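First chain written, first letter: the chains are A, B, C and D, and each begins at residue 1.
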């Protein structure tokens, strides 16, 4: 049953992809990309990757779609130009694809427990998590501690993107856009305040989203979840608020200065935990020295750094959203 | 002062002088020129001071830096280098005296720049003279190229810039394109690039590769102006005359042939090369250059261009003499470097004096000029005679030795070339001498002129005297050269 | 099962190349970015597929007893990172596209090249 | 308690990384600059300390989070790493010290803290890649550096910077993703991400298709990042339209780090284990390297924009590095690695000189810099010096790498002879394109000077002022040239260098005064700080041309460790 379902989902994924590339209507393409993300998240779930599925759903289907739509509002929804060198491109693509498919025939058998992937490093993680960290979610343990340095880097990637968008949009446009906004758009800075039903439903949703975010943030050690997902969910809540109540109000609730503080603060928190390990006589990012009992120390460390991740991700995503949204009204 | 200090001083003095010139120029032009002369004199004292030790058989050496393991900047005084250094430092004094007259008489712009780069070029020449290995030689060779570029492009107008581009282009192209690979090749096969009596390449390389490596070296040293790498020399005629004198007599072309002689004697080794059939082409290339350049010189109407082609021919004398690969011919080659230096600098000084005094550059304008400028034209005559190789001039001495070497080797091509070129030299120099003394001025000059400024006349008189002195008192020069070929005599 | 595994890898290859096609063949910059996003997502699929163990479950230790097989946590961790990297790149890319629109008035590559050539 | 030295590899990354969020919060811009510079200097000091340790025979290995490799992430520093770290941190520090005024001119004050934050992130990413011994961690830091580089380049004043960034972003992302695919396939086959562990385990699966495809993907992905011909198309525009300080920084080191990774993977992981990989590597890269050298130099010959000219020259120089590596010999690889260092020196100094020119000219096209040497003699002096190094004139750093490269090629028989010819021809092309710039700057008609005076009643007066100014300036210039020559001959160049710096700044002041006299019509020399750093970089070319112990020791040791599998 699950095999059939997998095949169905994968096939659907391919079809969606072709549709994204073919359509000339960028709005449609973006919405399809959201669907693509949901589909692939479902496939991840089938492949036992719950954390990844949750992240892909929150970030790929949620945030990315919002960002793309925000950009479309500023750049226009129709693709004018066609394709260049279609045949050549297709040929290149076909050649590389066949190389890749050629490679797959020597791959270890799908799901084979004896595959090198499952034999070498990962069993250690399962045992190590029990022994050194003692939390149920191995993904969180690996993410937060064993490969905590990657995650630190990842926070800084997000941070960099935030800096980048802020930097790009701090430049004054040299010429004002001539075309006006789409006629159906809401009034500037007002959000959907004149639309009663979305507003009421939306406002009811926001506290629950925030609550869910908190749950995902702190439940990450026990089940799927963690700072990235939670940060994205927080951001989603604020973005929803901004859509409903308007930019101005959202910015009043969470001013830009606070957002930059969040961006920097999360990253600093994470780094500070790392440096603390160093100062307490061990290596960078070694949390076991944070408490008398190394296992407790690891747990404290993971909670702290996950908090740092969440703060930065939320700060960056909200800032980026505001940057795109505010661009129109400049 | 120990010999090591003296070697270092020979390098540093001109640079200090350059700095002093720059500083002095802010105070007054007279002071600037005083600094130039003082530096030149000091340098001559230092360099000539090394002579007694060398005569006694010492070979002072100095290591400056090790660029990478096995490759170092090292200096070592040996007879050939000493000869070159003594020549260059001595002529710098005379050239400076002359320059002062020329630059002032001609009201040239940017005189400070001129003196500074002149000093740097002399420093580079000292470095070439005393280089203890190939890489050091190459370093100073390139510095010489670069430091003379501002001198050649001195005027700065479009034509000058174009010619200077040819100058730099040919010299850099040959040095990077051919000389550098040859140097790396040498280090690669021999493991060293030190100049050692008897050569370092014997047994390390064989067959046609010898000829190829020799070719890379000979054509890589563009400064020696072996055809077809000679184009830069006529192009560089756009430079002020003292610079031409520097290029032709003192530093640049001498550095070229000096390098070739040094490479043949100290890297290949005369005997090794003599035994290698693939190196025979060098003699033919040099002989061809001598004849071809002389024929071209015959057709020139511009005095400086004529002198340029004459230089190309005379340089190949040196190369050909070396390529005879017999000790007497090597002595002839070294002597010819000196003789040509004295003779050619006299000729250029004369040309410059004529330009400053009469603003004349073409051969046809020189009718009867001997009566207005007797000192200048007497010197010119002596220089021309030396070029032809008529006694009592230095040119005769060197030709004598080259011929003796050619007979030693039974090399009839060399003998024939020398005879033919002597005729050609006479054919393009003697008409000028004749015109200057015995023709009447066709049109009266625009202004009534006499001799050039005193300092110029003084300089050219001195060099003419030196040309004759080389014939009369050539003992020390030959003694140095005897040491040079000691191992092979 | 064997075939299903291969199918996963083939879908990876197809998605990758479809995305790549959009990047190299399309003029519209947003479309290029969408292609790039698909290109990256395909790699996620590659990693997650290799982490799957037959009969395994999500690597959360609490719920199961001894002897339970767990899927490989490491690819999942890597892909969590890669997803975040992907969205970061997209955000920055979109920012650049918007700025290009403001400066050039178009986001079609060939039109931008025309404008620059003038 | 672990001794401090042990932490150096981690601190190398953490210092710039941690400083980045702090700088973002700093106001005003000057403070952000100061903090960034301080962090960069600090990183440079750490790199120097690591280099000294490596030269003393120490091998650094650091376990992040105290988890043993291959389970945790390991950092490692050897000779090759140290060389690249020196280049990266050195370039950043010089560019920052020099770049204050240049950045002020190109980027508005309120945007600067963000700009400097991105700078530190780029620095952290660029040092994070070489020190990491974990394949995936390298990817993460690659992304940090890439994203940050996009930001830095997008700060360019010209709007063409934006399409350039977009192209770079797309190609960079594809490169990084290809790398990620390669890593994924190797992980699939070996189950590990640690490079040393990977090297141990890969031979078991060496003949499997995914491994081969992985090697291909990693090579291509990194080649894209390293702008290996023909994957270089993102580079010229990105370098041309980036802010000048950024060009100095990135041109000196960004592609070098990717090359480092490329060599590391191909030599360290693949070649000892995959049959015939060395030959494939050579056959694949040697033609590309030769083409890069010839095409890059060839395009530079006809380019009229100074920055773009130098960018194409970079494409050619990357070819040199690859050419050395593609010989797959100790000498060749050593020469290539050495050129990483020496090219960074030469190109950094050249772009610094360009920044000087840009600070006083309307642009850096040939029209804009015609005759500029009259009013900016110091700048052009440094440019000439660095240009000579790029050409490979003896006494400069560029000569050293050319020497080794030619020696290595000579060891290869007939093909070697052809390669020598290629190297020589492209050196000559370098002579031409550098000299075109020099001729334009020294002998061209200076439009600014010509247009400057004569506009007002004071025209005559200011014209004479200009004349006197140029007189003094040219005197000063040649004084400097003389001293440069002398520096070449004194035993302790370090001391000379410091003297030189004080001298030059003294002279700059005097020039400044003369300018004041000449009036504001004609801008004079570049800002003192910028000029001083430019000269420091140019003199470094001389220093390392005469005392090349450090880079040669590092590069030959690096080549030995990469080729240790050769019996």
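Basically, a contact is a pair of C-beta atoms (placed from the backbone, for glycine too) under 8 Å apart; a residue touches a chain by one contact, two chains touch by 3 or more.
Since we're looking at a predicted model, the values are computed, not measured.
Enquirer: Would you kindly say which chain has the C-alpha centre located farthest from the C-alpha centre of subunit D?
Expert: B
Enquirer: Decide which interface, C-D or A-C, involves more C-beta pairs in contact, and give its chain pair.
Expert: Per the contact counts, A-C leads.
Enquirer: Taking the mean of all protein CA atoms as the centre, name the chain whose own CA mean is closest to it.
Expert: Per-chain C-alpha centroids compared to the overall one single out D.
Enquirer: What is the distance, in whole Å, between the centres of subunit B and subunit C, each centre taken as the mean of its C-alpha atoms?
Expert: 70
Enquirer: Between subunit A and subunit C, what distance separates the C-alpha centroids? Give it in angstrom.
Expert: So the centroids are 12 Å from each other.
Enquirer: Provide the C-alpha centroid distance between subunit C and subunit D, rounded to the nearest whole angstrom.
Expert: Comparing mean C-alpha positions, subunit D is 31 Å from subunit C.
Enquirer: Can you work out the whole-Å distance between the CA centroids of subunit A and subunit B?
Expert: Roughly 75 Å, centre to centre.
Enquirer: If a residue has to touch 2 or more other chains to count, which residues of subunit D qualify?
Expert: In subunit D, the residues touching two or more other chains are 136, 140, 143, 147, 150-151, 154, 159, 185, 187-188, 193.
Enquirer: Spell out, as numbers or ranges, the residues of subunit B touching 2 or more other chains.
Expert: Touching at least two other chains: none.
Enquirer: Name the residues of subunit C that each touch 2 or more other chains.
Expert: Within subunit C, the residues that touch at least two other chains are 16, 20, 33, 50, 74-75, 78, 81, 85, 88-89, 92, 96-97, 99, 103, 109.
Enquirer: Applying that definition of touch, give me each pair of chains that meets it.
Expert: A-C, A-D, B-D, C-D
Enquirer: Help me check something: in the complex, which residues belonging to subunit D touch subunit A?
Expert: The contact residues of subunit D facing subunit A are 1-2, 7, 10, 14, 17-18, 20-22, 24-25, 62-67, 70-73, 108, 110-111, 114-115, 117-118, 121, 124, 128, 134, 136-137, 140-141, 143-144, 147-148, 150-151, 154-155, 159, 185, 187-193, 201, 205, 208-210, 212-213, 216.
Enquirer: Subunit B touches which residues of subunit D in the complex?
Expert: Listed in rising order, the residues are 388, 391-395, 400, 402-404, 406-407, 410-411, 420, 424-425, 427-428, 431-432, 435, 439, 443, 472, 474-476, 478-479, 481-483, 485-486, 488-489, 491, 545-549, 552.
Enquirer: Per the contact definition, I'd like the list of subunit B residues that touch subunit D in the complex.
Expert: 8, 11-12, 15-16, 18-19, 22-23, 25-26, 64-69, 71, 73, 110, 112-113, 116-117, 119-120, 123, 135, 138-139, 142-143, 146-147, 150, 153, 156, 158, 161, 165, 168-169, 172-173, 176-178, 180-181, 184-185, 187-188
Enquirer: Which residues of subunit C touch subunit A in their complex?
Expert: Answer in residue numbers: 1-2, 4-22, 24-28, 30-31, 33-35, 37-38, 41, 44-45, 48-63, 69-81, 83-92, 94-99, 101-103, 105-111.
Enquirer: Mind pulling up the subunit A residues that touch subunit C in the complex?
Expert: Residue positions touching the partner: 3, 6-7, 10, 13-14, 17-18, 20-21, 26, 29-30, 33, 36-37, 40, 43-44, 47-52, 55-56, 59-60, 63-64, 67-68, 70-72, 74-76, 79-86, 89-90, 92-94, 96-97, 100-101, 104-105, 107-113, 115, 117-118, 121-122, 125-126, 129-130, 136-139, 141-143, 147, 150-151, 153-154, 157-158, 160-162, 164-165, 168-169, 171, 173-175, 177-178, 222-224, 226, 228, 313, 320, 323-324, 327.
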